[in-house]
Amino acid sequence: MSILTLKNVCKRFGETEIIRDVSLDIEKGERHAIIGPNGAGKSTLFHLISGKYALSSGDISFHDQSIANKKPYEIARLGITRSFQVTNIFPRMTVFENIRCGLLWNQKYGYSFWHLLGRQQDLNAKTHALLEEIGLGHRAEIPAGELAYAQQRALELGIAIASGAELIMLDEPVAGMSHSEAENAVALIRKVTEGKTLVMVEHDMNIVFDVADRISVLVYGEIIACDTPQAIRSNARVQEAYLGEVAADA
Amino acid sequence: MKTITILQAASLSLALLLSQASQGQEPVRIAFMDPLSGAFTSIGSSGLKQLQFAADYLFNSQGGILGGRPIEIVPYDNQQSPTETQIQFRRIVSDGIRIVFQGNSSAVANTLNSTISRHNRRNPGQEILQINYSAVDPILTNDQCSFWHFRFDAHAIMKLNVLTDFIAMNEDIKSVYIIGQDYSFGQVVSDNTIRLLKEKRPDIEIVGNEFHPIGQVKDFTPYVTKIVSSDADAVITGNFGADMVSLARSIIDSGLDIPIYTFYAAYDGITATLGADGKNRIRLIHNDPANPYPTVERRDYIRAFKNANPDNDMTQFRITNALQMLVTAMEEAQSTDPYDIALALEDMRFTNMSGEELWMRGEDHQIFQSLHISVHTDENIEFDADNSGFGLFAEYSVPMEDTIVETSCRMRPPRR
Amino acid sequence: MLEVFIFATLNGLVTGLLLFMLASGLTLIFSMMGVLNFAHASFYMLGAYFAYSISLYLGFWGGLIFAPLIVGALGALVERYLLRRVHEHGHVAELVFTFGLAFLIEEAVQFFWGPDTKNYRSPDILDFPLFTLFGQEFSAYRGFMIGISVAIFIGLYHLLTRSRIGIIIQAAITHPHTVANLGHNVPLIFMGVFGVGTALAGVAGVIAGPVLTTFPGMAVVLGSIVFVIVVIGGLGSLTGAFIASLLIGLLQSYAIASDLGMPDLLNLLGLEFGRDHPLTDLWTLSLPQIAPIMPFMLLVLVLIFRPTGLLGKREQ
Amino acid sequence: MKQLLTKSLVWIAYLAVLLILPQIFNSVLAITIFNQMAIAIVFALSYNMLLGQGGMLSFGHAVYFGLGGFMAVHALVMIEFETFYFSIIYIPLIGGLIGLLAAVFIGSFSTHKAGTVFAMISLGIGELVAASSLIFVSFFGGEAGVSADRTYGPPFFGIEFFQDIEIYYLAAGWVFIATLFMYLFTQTPAGRMANAVRDNPERAEFIGYSARKVRFISFCASGFFAGIAGGLFALNYEFITEENLNAVTSGRVLLMAYIGGLGYFIGPIVGAVILTLMNSLLSNYTELWMLYLGIMFVLTVLFLPRGFAGFIMMHRVAWVQKRMQSLVMPYLLTGVPAMITAVSLVAIIEMLHHRGEEFHFLLVTLSSTSVFSWALVLAVAGASIYAVRLSLPRLHSAWEDANKLVDADEDNARP
């Protein structure tokens, strides 16, 4: 059964139509990758799902409940979490605090100003566990802004999964990483998204074909194909529309 | 003077740090509390210079008072703020000073008045005496009067009484326009002008009664437009400072040629700024002779002050009056205790340098002396203001007896 | 009544245009660097004071020429050596810095020129009534003020639309980031714009000084109002600033001219309240009384209902 | 556990200082200054909740202080006329509630955005309230304000609060409680999310928090504590005027928080103490103290963007690495001449100010007319500046060394 459904989603900025009538089903538990040339509208699609942008038309439903034009925090509370193309953390707070903030809502703390965080053994234990999981345990007390790039990406992933969401959306999680860093990142992603649903935008084809169960190809705001990696590889339209281009680059 | 300021300050704060208020010293110490920094500095420091000069010229150089004790003036800067006044007052207390000179802003005077009566009630034996040389809010010697407060300036209603008489005499004036700052003094001026004019010249029409926010008006022309279109024959305003200057300026610029009756349109830069434009248009009501000054003694005194402070004028002679009467009271009581001084000051009759008699009414501690209306001009000006060549020439004077008004004061002198 | 209306309009025009001279500079600076310059009105004050000191030797016209240049130079230096330092600490730091600068300039003015009002006069050549209406004079100097302001507005408009630098600035206003990538020396442009902006404030000071009296408080009186205008007009919109300036100028002028107040309103509603009513102050409120706070009411309303301002596109 | 112990020790020390101070300095003036400090500390801390913790720059914070104060004074009056009758020790609470009320109302529409929009709204509101306070005389008492007498309430364990010292201990108690609670607030989810929203509102929304609600909560809390400060003011001075809710007061609290150091909890306390001392002591040495204050403020913004507290915190790394001692000497070598430079510059300003008049400055008598004075001052200034230039590089390198290594293993940097 599908966890996230996009029906004829359109997004216009003034005249220009960025997303044209996109319909897509994300199956529960699958790892779904969205690929496509720059400016195809991949990030826009993410922004639409996570509620940063409002839909121009169409509908998005999560667990068969429409989340179209809901506020980002409402959507996040429903169990959709995301990372960003450019690192997006809380730079002046410590790594530990970053993760703990990620945990707060789904640990039912809400806007409480009567709980003392220091006293929440359980919460802090969870935080430390998660820190270890993303390999930042020894950096807990450093201001997040001072971390190395790869570590910041890891931290962001950590914040994203901290919310315990079922649907995790990662926007180019390994962009700008060295090969080895990227490998670790992928390993990490596999580990932390175990038993969850993953939607990722990525340029590195090896990673995409390695990680994804299904791939959607987005070109000029339209999904021209959505299938298993093998099928996508052999898909003629994708070939000329996209992979060809990549091959040319390489 | 500055030398004293800074030495004092240094020693005082030293005293503070050693937490030992310096008490029981030889000199008779008098606190002067007024704005000595910020926008109103010039008025405050000019007052300080006059008090300092009076003390040195009249007493210290003559061997002091009470058998050789010098008078020492200790300045306190209240930035013309009621809050800061509270702080400075406590500083005065902790310095063991018992007499405070204060003049500027009725708001400050009222705060000080209530603070002092509170303090004196709670600390018997350490009372403080308030010498108010300039704050003209009537309530200080009426509903809010206090045994510990003495006023050496005529209050607003007394002045308005004379001013309205003067206007009433002028047959050409058929209508007046009242404009003032939107606060207590402005209100007092407006209310009483209307009341008094109704009594004295019912035929005079009040064509305008305008309040504008204090110190917030960029441009008075819009107000002047209303004045013009109301065909007023005269304008009355209680404005002071920049609001006074801007208002007068706008009236003059609009080509409107009618008399402007004011309280504070002279000295401290205002006379210079008005210059020739204001000539024979602007009139002041004040409680002390202007040019021509009556006595030789008085003239010499002003000259001596001018020599000592070329950049300042003897703007508030009442400061000198106050100090002289204070000292007389001390000598009479042979004491510097506020209680004895207060008793001695009550109903004191004192002839000052200008050869006129001053009366401190015991009932409400309000001074009475001749009141004058002077014009801003450069003719027959022996002593000008702001070294501008322009100054005040007295046109109309009222003897002390005719300035007396009733008071609602019910004073309860403290038991001793 | 008619004459009151006409003169109210003229006065509103004078104030409005004067405000625009400040607002235009402030808007330029904000559009370019995203800095709301709290000290802008202080530069206006400096303009008046420099002009006063110069006029003592070279007369009014000397002041009109040199004072703005000095102020502009000062502004440029402030941008180059101080503001740029703070820039890296973010906008809050910048705002706070200009706030402190305003504070400092006021104190400095009192230090150098003293706290008294200065006798800064308009030139004798313009010391005649331009025209007399219903027995009320409209001084030539005020006409001159209108003239200068309009001239500056037109000049600025041409500079921005015609000249090359103008085009760059325009671009910077709409796309602040791209301009740098186009290989323009952005720091220099910043310095220039800040200089010009403050110089404009200087001009305003020079021509306003004689009418609005030159005293240390003159910056405070105008400062926040100019802020309000820029925000109401829409951050980064010159036209918006222009409209807002005139709007506020006229609004205040009409409010003062009118004698309307709560009593009239109550009479209209047929209500009656005694002087001793606890809310008596409210019932006796009059339009002239609240004229000076109108801009702030407007500000709050605009910000609540249209945070981008009248013509603004960008939000902070 | 150990951490908790050290923390509670800090608090006990804080309380001890509050209680012992008036025993050491017991002159009337000293007590007055301490009372000012007490009020300033609470006020500045509440401001830091906005700007430091929540990233909301407000130019109208005095509104909540003032309204709280006015209501507190009116409450005192009601006690005097026995409209209702309770010990005045609860007065600050009334101020706080009023501050909270105002904050709830204003916050409901002003916390949509942070940044310039918020700053401008706060400015507008501030001006509005200040102006209205002069118009609505019956409540605000015009420019003379309203006053009351605190001694009519029922005595509290026999204390009738005749003397300021009694008020000081009352204030000290409130300061301690307020400080404690404001600190604890930073340790709660709401407090932490305030930091998160300050750093990155967008991200905060994607982890399930409405940035606006988070701001709103901090805003209300801050209003509440500002009101408490206002209540303390009312108790101490037994009166309050329009100037306590106008832009000047708002500006002053901004100065305190900023000079002390935003973002650090202790910062505003430092700032409050410094500014109160400057205000009440410096103003007696010279009429120019406001000028010096302005200069100091601008310099702080330029060179210590994180304030005094931030300057101290800068040494965390060096401290952790036990390299402080290597900094002492260079600091002295640069600091002392720098001080001398500052002093001589002050002397020059004063000389210009006292046109011609003689005045005592520290140990010497100066006058702008005497060549000797100028020669002396300029010589001292020149020499000291030269000394600073000479010693600066050494300080710089020493600083580098002290903070090196840190990249090698950040783990040391953990306090």
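Letters A, B, C and D mark the chains as written, and numbering starts fresh at 1 in each.
Throughout what follows, a contact is a pair of C-beta atoms (placed from the backbone, for glycine too) under 8 Å apart; a residue touches a chain by one contact, two chains touch by 3 or more.
Small disclaimer: the values here were computed from a predicted structure and weren't measured.
If you take chain B and chain D together, the chains in touch with both are C.
Distance from chain A peaks, on a Cα-centroid basis, for B.
Taking each chain's centre as the average of its CA atoms, chain B and chain C sit 36 Å apart.
Distance between chain centres (mean CA atoms), chain C to chain D: 31 Å.
In this assembly, the C-alpha centroid of chain A lies 43 Å from the C-alpha centroid of chain D. Distance from the chain A centre to the chain B centre is 75 Å, each centre being the mean of its Cα atoms. Chain B has residues 38, 41, 182, 213, 216 in contact with two or more other chains. Listed for chain A are no residues, as none touches two or more other chains.
In chain C, the positions touching at least two other chains are 110, 289, 292. Chains touching one another form the pairs A-D, B-C, B-D, C-D. Chain B meets chain D in the complex at residues 1-3, 5-7, 9-10, 12-13, 15-17, 19-21, 36-38, 41, 45, 76-77, 79, 81-83, 86-87, 90-91, 93-95, 106-107, 110-111, 114-115, 118, 122, 182-184, 213-214, 216. The residues of chain D lying in touch with chain B in their complex are 24-32, 36, 131, 134-135, 142-145, 147, 149, 151, 162-164, 237-239, 241, 243-244, 280-281, 283-290, 354, 357-361, 365.
Every residue of chain D that touches chain C in the complex is listed here, in rising order: 51, 55, 57, 59, 109, 112-113, 115-117, 119-121, 123-125, 127-128, 131-132, 135-139, 247, 251, 254-255, 258, 288, 290-291, 293-295, 297-298, 301-302, 305, 349, 352-353. Taken in their complex, chain C has these residues touching chain B: 3-4, 7-8, 11-12, 14-15, 110, 114-119, 129, 132, 134-137, 139, 141-142, 211-213, 215-217, 221-222, 225, 252-253, 256-257, 288-289, 292. Chain B meets chain C in the complex at residues 38-42, 182, 210-213, 215-219, 221-223, 225-226, 228-229, 241-242, 245-246, 249, 253-256, 268-270, 272-273, 275.
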